[in-house]
Amino acid sequence: MNTLLCIPLLVLLGTLVPLCSTRYSRTACAFLTAALPAVALFLVLQLAPAILDGQRFQTAIEWVPSLGLSLAFRLDGLSLLFSLLILGIGLLVILYARYYLSSNDNIGKFFCYLILFMFAMLGVVMSDNLIQMWVFWELTSISSFLLISFWGHKSDARKGARMALTITGTGGLFLLAGLLMLGNVVGSFELQTVLDSGDMIRASSAYPIITVLILIGAFTKSAQFPFHFWLPNAMAAPTPVSAYLHSATMVKAGIFLMARFYPSLAGTDLWFLMVSMTGLATFLLGGYLALFQHDLKGLLANSTISHLGLITLLLGMGSDLALVAAIFHIINHATFKASLFMAAGIIDHESGSRDMRQLNGLWKYMPYTATLAMVASMAMAGVPLLNGFLSKEMFFNETLHQNSLGSISWMVPVLATLGGVLSVAYSLRFIHDVFFNGEPINLPKTPHEPPRYMRVPVEVLVALCLAVGIFPSFIVGDLLYSASNAALNGDVPSYSLAIWHGFNIPLLMSAIALVGGLVVYYNRQHLFKFQAQFPTNDPKILFERAIQQLVNKATWFIGFTENGSLQRYMYFLMMLTIVVSAYPLLDLDATAGHRPEIPLDALSITGAVLLSLASLATVIWHRRRMVALLTLSVVGLIVTLAFARFSAPDLALTQLSVEVVTIILLMLALFFLPQKTPKESSPRRVVRDLGISAMIGGIVGTVIFALMTRPLDTISDFFTENSKTGGGGTNVVNVILVDFRGFDTLGEITVLGIAALGIFKLIARMRLYMPSSNEQGRPWSSDRHPLMLSVVSQSLLPLALLVSAYIFLRGHNMPGGGFIAGLITSVAIIQQYVAHGVDWIKDRLKLDYQIMIGSGIGIATLTGLGSWLFGRPFLTSWFDYFYLPVIGKFELASAMLFDLGVFLTVVGATMLILANLGQLTTSERAVYEEEA
Amino acid sequence: MSFYTELLITVLLVIGGVFLLVGSIGLARLPDIFTRLHGPTKATTLGITGILLSSLIYQTITQSRFSVSELLITLFLLITAPVAANMIAKTALHRDNPAIPRTTGQSLMSKIRTRQPADAQEED
Amino acid sequence: MQHLSILPILLPLITGALLLLPPLSKNIKRQRIATLLSMFAQVVVGFALVTHVQTEGVTQYILGDWRPPFGIVLVADSMSTVMVAVTNFLAFGALCYATGSYDRAGGYFYPLFMFQVMGINGAFLTGDAFNLFVFFEILLIASYALLVHGGGKQKTQATVHYVILNLAGSSVFLFGLGILYGTLGTLNIADMAQKVSELDGSVVILTKIGALMLLVVFGMKSAMLPLHFWLPKTYSSASAPVAAIFAVMTKVGIYSILRIHGVVFGDEAGELAHIAQSWLWPLALMTIVVGTIGVLASPSLKLVTANLVVLSAGTLLVCAALQNEAATSAALYYMIHSTLVAGGMFLLADLIGRQRGKAEDRFVMAKAMDNPVFLAIFFSIAAVAVIGMPPFSGFIGKIMILQSVQSATEQMWVWPIVLLSSLGSLIALSRAGTTLFWRYSTTNKQSNEDSQPIHLGEWLGIVLLLSASPILALFAGPLTELTNEAAAYLFNPSLSVDALLTAPLSKGGF
Amino acid sequence: MLSWALFFVTICICIALFLNLWRLLVGPHISDRIMALDTMYINAIALLMLYGIYMQTSLYFEAALLIAMLGFVSTSALCKYLLRGDIIE
Amino acid sequence: MEGIYAFCVGLMTACGIFLTLRGRTFSVVVGLTLLSYAVNLFLFASGRLKLDAAAVLGMSEEYGDPLPQALVLTAIVIGFAMTAFAVILAMRARADLGNDHVDGRIPQTKESARQKAGGQR
Amino acid sequence: MSFLPMPFHSLLLFVVWLLLNSSISPGHILLAAFFAISIPLLVNSMRNEQPKIKKPWLAIRYFFMVLKDILVANIQVAVLVLGPIKNLKPGFVAIPLDVTSDVGITLLASTVSLTPGTVSVEISEDKQWLYVHALHLDNEQDLIDEIKQRYERPIKEILGC
């Protein structure tokens, strides 16, 4: 397996190690955790010489080829530099965290998140594919969220983490958009192709938007103005996290991104203006804000913002040398800032406070740490012989050599110097306010030096600051060159890494910065007073408030639209239906087609008038529910007659039986419902609804008229032709039902069965109010089972069953069938319930309706399955004619069996519904009446 | 079809139609629910019987096979019509629908409603 | 293998019927075992069907041996089989979860669940427009019954809205079908596609109305704005396993849009080509927006999840509106992902709610959970996946969708809205997660005894559904190949339409 | 002759149906309305039989039979509802 | 004939829709029933109207389109199942929620709110 | 449980089946026999004990008499209905009952409803009184006597109670 792939994989594997080793001591856990990243670092170092020689390693595995997404890794100079920072500082942070975290903290979880982050970060810098880079980019957001919120029970940590995630997540979305567009412009998501197509990209019309999108991604991650505010709030994280994420890695991802795409995107005015102006603003703002922080980490966070601004400014200048300076400052900032965070963590850890108003004179208590911290902060201030000085000199130098702002280009060096002044001032503040400035005030603990090994990471980093500061080209020369080479995609300008370049303007600027910084710090009280005039806007509170407002607005909106009113929802459904269908209807030139119409006759007119009147009466009297039921029955009856009139006897039969059962059901329900509907619709609502109904009615009427008057060529001839020969029946409708489209029927009886089960569920445990008098307040009649009704119903039952059998048997050849027969049987049984009551029936009729449903559906299905035995598809029908002496010729058909299934289901379902509903109010259950 | 069968069918039909109409006129015209009951229960039943009989004859002749299934409907209606009338009357009484003032025997109505014997003493 | 493509319908049907009969009908333990076994078999069948179609090509099951377009056919192509497999897998997860306690919260849970699965599978498989209606009704009536499972005022109330709206919707469905039959004279979807291209004159207008009415119906099932109102309340009040299976129901609507409005009224439809597009566009985008707003406004995890379903529906409708191969492929992938994740999230929300005492799954301070680590891990997976952040399946779906947008104007609309919706869910879910898992009161630890322990089946259900997301991401390569193929098939009428109508003539009693 | 009779009877029944509907709509009591509906069922049967004669078909006989059966069930259930509230008790 | 048929279907649809837009479950159920009648007639007519053409072989010279009839039959049955469920659901809602409003709560109209306020004063 | 628990019904079913199918083919006779036997067996449990017909011939005579009365009744009613309404003299009448069986009472009540100018409206709870509404009541006692003589007596005889 290739080494390159091993590097991220080892780290990925490393995320599991801490989870498995939590049960061991914290030291063991830390060492085990460090092992795999250490190996990874070793591997990187092994590859380093070749890379420094100008080689580039690449490897790729396909992941989602159709998206152009592959797992592609590369290790070139820039990746190498970042990998070293990520792995090296990461290892130091692991060591440091072992001491920093208390025994209450779940160190395994912490290390898991940390290594996950390390993996994500490595992935970003080693990516050789745009989408993959974004994947890792987002992973850094997620893992940093987990790290920042490590102490999730603290409100600050939760809010800080959310803010960081929201801002960087937003940036991630912009970045994704940018990267996708970039890839689409280039035609490939391979990094090298993109880097090589700079000219094409800059020439493309999408260039500005791509640049803006990618830069927003970078700015959010690197805490550039105006997205800088999340970083100070991320300080709620444990300090090792800050030392790692907020100095060397996470915040540098944005910087890395800009450096990475430098060859593709940089070199235009847009780039210059956006990047350098943002950088400059951030540089100054961060420095200024750092000055006023009382929180040690807050100061460091703002200084980080400032330094990130500085690097951004350099990247924006557009000169290759500036890029070199930027990369150099990336290294330097990583080392001194990581050590400073660690030092701050030590101070916090050993003294219990990070407030610089409490922390004073720690020199006395922890001189060794103080020394380290002071060296590091001097590096931050840009004091000679330390690494910060060198890169800052280069920075000053670069500010002098740009002229993109035309006649006001002079402002850039001036402002840069001002930034330098600020950084000296806050560095001084860090040193003086913490280690000197009298005695500590009300510290929770008496401070002392930290454990030996907790200092090691700081020592290493400070040593690096010194080493780079004194022997720059020996320590980082090659690395810097190779990184710059990679970032520039070749062609590194000449530059010199030396401590001394002679007396020149940059040196003067440095001197001004040092002196100015001293002056500023000396007069800090005035500045503090000046600053105190401004209201302090805690970005955290503002942000939370903004989010809260967003949520409130959303809640208002949802409350406003989803107001829980069915009438409104129905209104939308109807309106949409009207709109989509009325719109095309406007194009219909003539409603009537050319198909000859059937002439009118008195009967039809009578039917139409009766139907219309009954329908209207149902609407007009809908609030008198019983009357509405009666008019509804009339409508049902006329519809039945209409079906008969227009040659659909099966429909007439079905419609009629269904209608009667429906009315019975409605009556059963009406008993428990109010007898009248109150008048509550406002006149406006009524008019509106009338309008809607009229429109839908109009549309439906128009459409059906248009359809009926146009000729139609259908597939139906096939059915009439094959009904007898292929389906064995002369009633084509029935043959369609049980044979041609038997599958529909199977579904239909399933629906019926399910409905019955569902209704059973509804009825179960229903607590009903049983009225003891009717709507007039009259008590119910005492005659539960009228004599004549009982006697006649009993006699009619066998007759009804016979009719049912008749309808069932003839169905295949004549109007009828299992469904209608089932309903007749059900109605006949219901009539017995009506006449005799539930108790009487219960003693006499022992039918398990549930089993009937199950077996009905089962029989129908099994009939269908029978054809499998003959190698035919489901529901293939079979029929044949037989001859028996005496009886003569008769037909047997599988459709009969299928229809039996239908019959059983219908009876079972209808009776399960009605009998159970009736049972609700039997004498044993009268208890409900009292409860209600 | 011979003239006489056609005549028979026609007569039956017309009788049926007329009585159906009479029943419905009764329903519409008579003054109270109890008098209205008579129309549908009797006239309509006869009317439908007439129509069913004519259909029976007609179908038997035209289809040249014995089509007496109409008898079943007639039977059915004869059995059920009185019960329906009884149920409707019960409902009307239960809900205190008034009879027209000149109805005799109105004193019975409260007894009928409560299904007491006719010779029972008034409670108050 | 001949009958493989009908098994996803028959297996649940037969199981459902058997569950009503002795010896299963009165014994919940037997029912549980029988249903789990059957469901497992269905999962196997689902995957077998996918591979079968991959190797053997599209299979048409000619019911009753009546050749199309006269009889009803089932069409097993890549798209339908994938959806069936997803449904069965989802159902299996939900069923595992239900064995915990929900199966006893009311009668007939298992049979109804089986019928629900049958309805959904049928709707995916059928190649007949009216049969589609029948399966819609099966899945609807089963969903009504399942929705009331467990009882309670909230459920009843939600069911009233859900049922009435859907009944009205079914009427519109029938109006639409009536019009289509009245103009095309056929019901077989492939045949319809062919007939549509031959139409001319004023009939075209009528057909258009029919098609658009169907769009309204499908739009309502898929929670398209402004017909989505029913969804949040319905889904959030359903009991967990029911809500989980509901996660695939909106997809049925979207699938139907892809099938009917994408294929029948697709490129070849002449005057009627892409009639749905102009309506779908704004509505789909607005659905995303409103879904996102809903996610932001939701005060509980169940509601968040329900609104996420709306959001994903909007996203999928955008794909449907795009009407190109890449978008359809993206839709299919995203459909798989969002279905399983939403299903898992409903289960998770229930479990979280159960462990937080009275606060349930609302975003307020509550007692600490008993199993925070397990729940947090799976919450994170779900959250990351639905937001569309890497490394889980959501981001691949999202990128596929973004990449499928071709014209610049379309990009201008779709990209910002899709990306901002991600941001919205990011904000909402990070708030949700931090509140649920970290804002707990340490005072009343004694009340821990109240919450019932997590049952094995419940663990399993959540693990099954949510671990699907990483797996979907990991195997995104082959999977997207599959979805691409499905989309390509759909967009090639000579494959998808003509082939289906030239089945061999073989009929007659035997 | 027959066709004339058919026409006449059809008109009779049409008028009858209108009268029934009129009674159903004006009431005044719910029992009147039920009675009207019941009568309507019977007139509907007559109509179907007439139609059968007119079209020379017996296809609608079952529909008539069913109306006879179900009309009775409907009427008695309606009355039972008004008498007892609970039709299945 | 087609004209009055279409008119009736349209009118029934309108009546059904109007009722489904009401606020009480019972009215809505009645409306849905009415609507489903209309839908059935609609679907039926999509195969065009024919007199004396029942699709029973040997009973008439020509046959009406049997397919829509079969579809309507299925639709009727399904509609019945759905209506039944809706009816019982309406009962259940009344039992659970204490009223029969579709939203489970009686909406406060301006008038009733004023009355309530007046009553409290 | 006997093979033919309801012989009268069985006969009726047999005939009705043949009527329904309008056929006396052997196949239908077989089916008719099958239903005539099986349906009563099925519904036998759903019946209260009922009196048997003691005099079938009298029953048939009674049936035709009632048919004739129906015809007459209708002509009377037609005249009343179409005539001037203000001449109507409706009234309620209580008829004391001698028949005791439920079937008998029902039969009587039905006959009364179908025949001249009367509708049975109610039966008293103790089954001793049949309440009748007459459309045109001239003499209450005549009506009572006629009903008891013409209808109740034969029913009593037919059913033997």
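Descriptive notes on the structure:
Just so it is clear, A, B, C, D, E and F label the chains in written order, and each chain counts residues from 1 on its own.
Going forward, contacts are C-beta pairs under 8 Å (C-beta built on N, C-alpha and C of every residue); 3 or more make two chains touch, one makes a residue touch a chain.
Only a predicted model underlies this, so the values are computations on that prediction, with no experimental measurement involved.
Both chain E and chain F are touched by A.
Path length between chain A and chain D in the chain contact graph, taken as the least number of steps between touching chains: 1.
The chain pair with more C-beta contacts between its two chains, of A-F and A-B, is A-F. Distance from the centre of chain F peaks at A, each centre being the average of the chain's Cα atoms. Among the chains present, the centre nearest to the common Cα mean is that of C. A straight line joining the Cα centres of chain B and chain D is 12 Å long. Distance from the chain D centre to the chain E centre is 22 Å, each centre being the mean of its Cα atoms.
Centres computed as Cα averages put chain C at a distance of 62 Å from chain F. Each chain gets one centre point, the mean of its Cα atoms, and the points for chain D and chain F are 22 Å apart. Across the assembly, chain E contributes 16, 20, 25, 38, 42, 45-48, 52, 54, 56, 59-60, 67, 71, 74, 78-79, 81-83, 85, 89-90, 92, 96, 102-103 as residues in contact with two or more other chains. In chain C, the residues that reach two or more other chains under the touch definition are 130, 134, 137, 141, 144-145, 148, 160-161, 164, 168, 175, 178-179, 181-182, 187.
Counting only residues that touch two or more partner chains, chain D has 10, 17, 30, 34, 59, 65, 69, 76, 80, 82-83.
Working note: touching chain pairs come out as A-B, A-C, A-D, A-E, A-F, B-D, B-F, C-E, D-E. Contacts from chain B toward chain F in the complex involve residues 18-19, 22, 25-26, 29-32, 34-35, 37-39, 41-43, 45-46, 65-69, 71-72, 78-79, 81-83, 85-86, 89-90, 93, 99-100, 102-106, 108-109, 111-113, 115-118. Of all the residues in chain E, the ones that touch chain D in their complex are 52, 54, 56, 59-60.
Partner chain A is touched in their complex by these residues of chain B: 76, 79-80, 82-83, 86-87, 90, 94-96, 114-115.
Contact residues on chain F toward chain B in their complex (touch as defined above): 16, 19-23, 70-71, 73-74, 77-78, 80-82, 85, 88-94, 96, 109-115, 117, 119-126, 128-129, 131, 133, 135, 137, 140.
Looking at the complex, you find that chain D touches chain B at residues 1-2, 4-6, 8-10, 12-13, 15-17, 19-20, 22-23, 29-32, 34-36, 38-39, 42-43, 45-46, 49-50, 52-53, 56, 58, 61, 64-65, 68-69, 72, 75-76, 79-80, 82-83.
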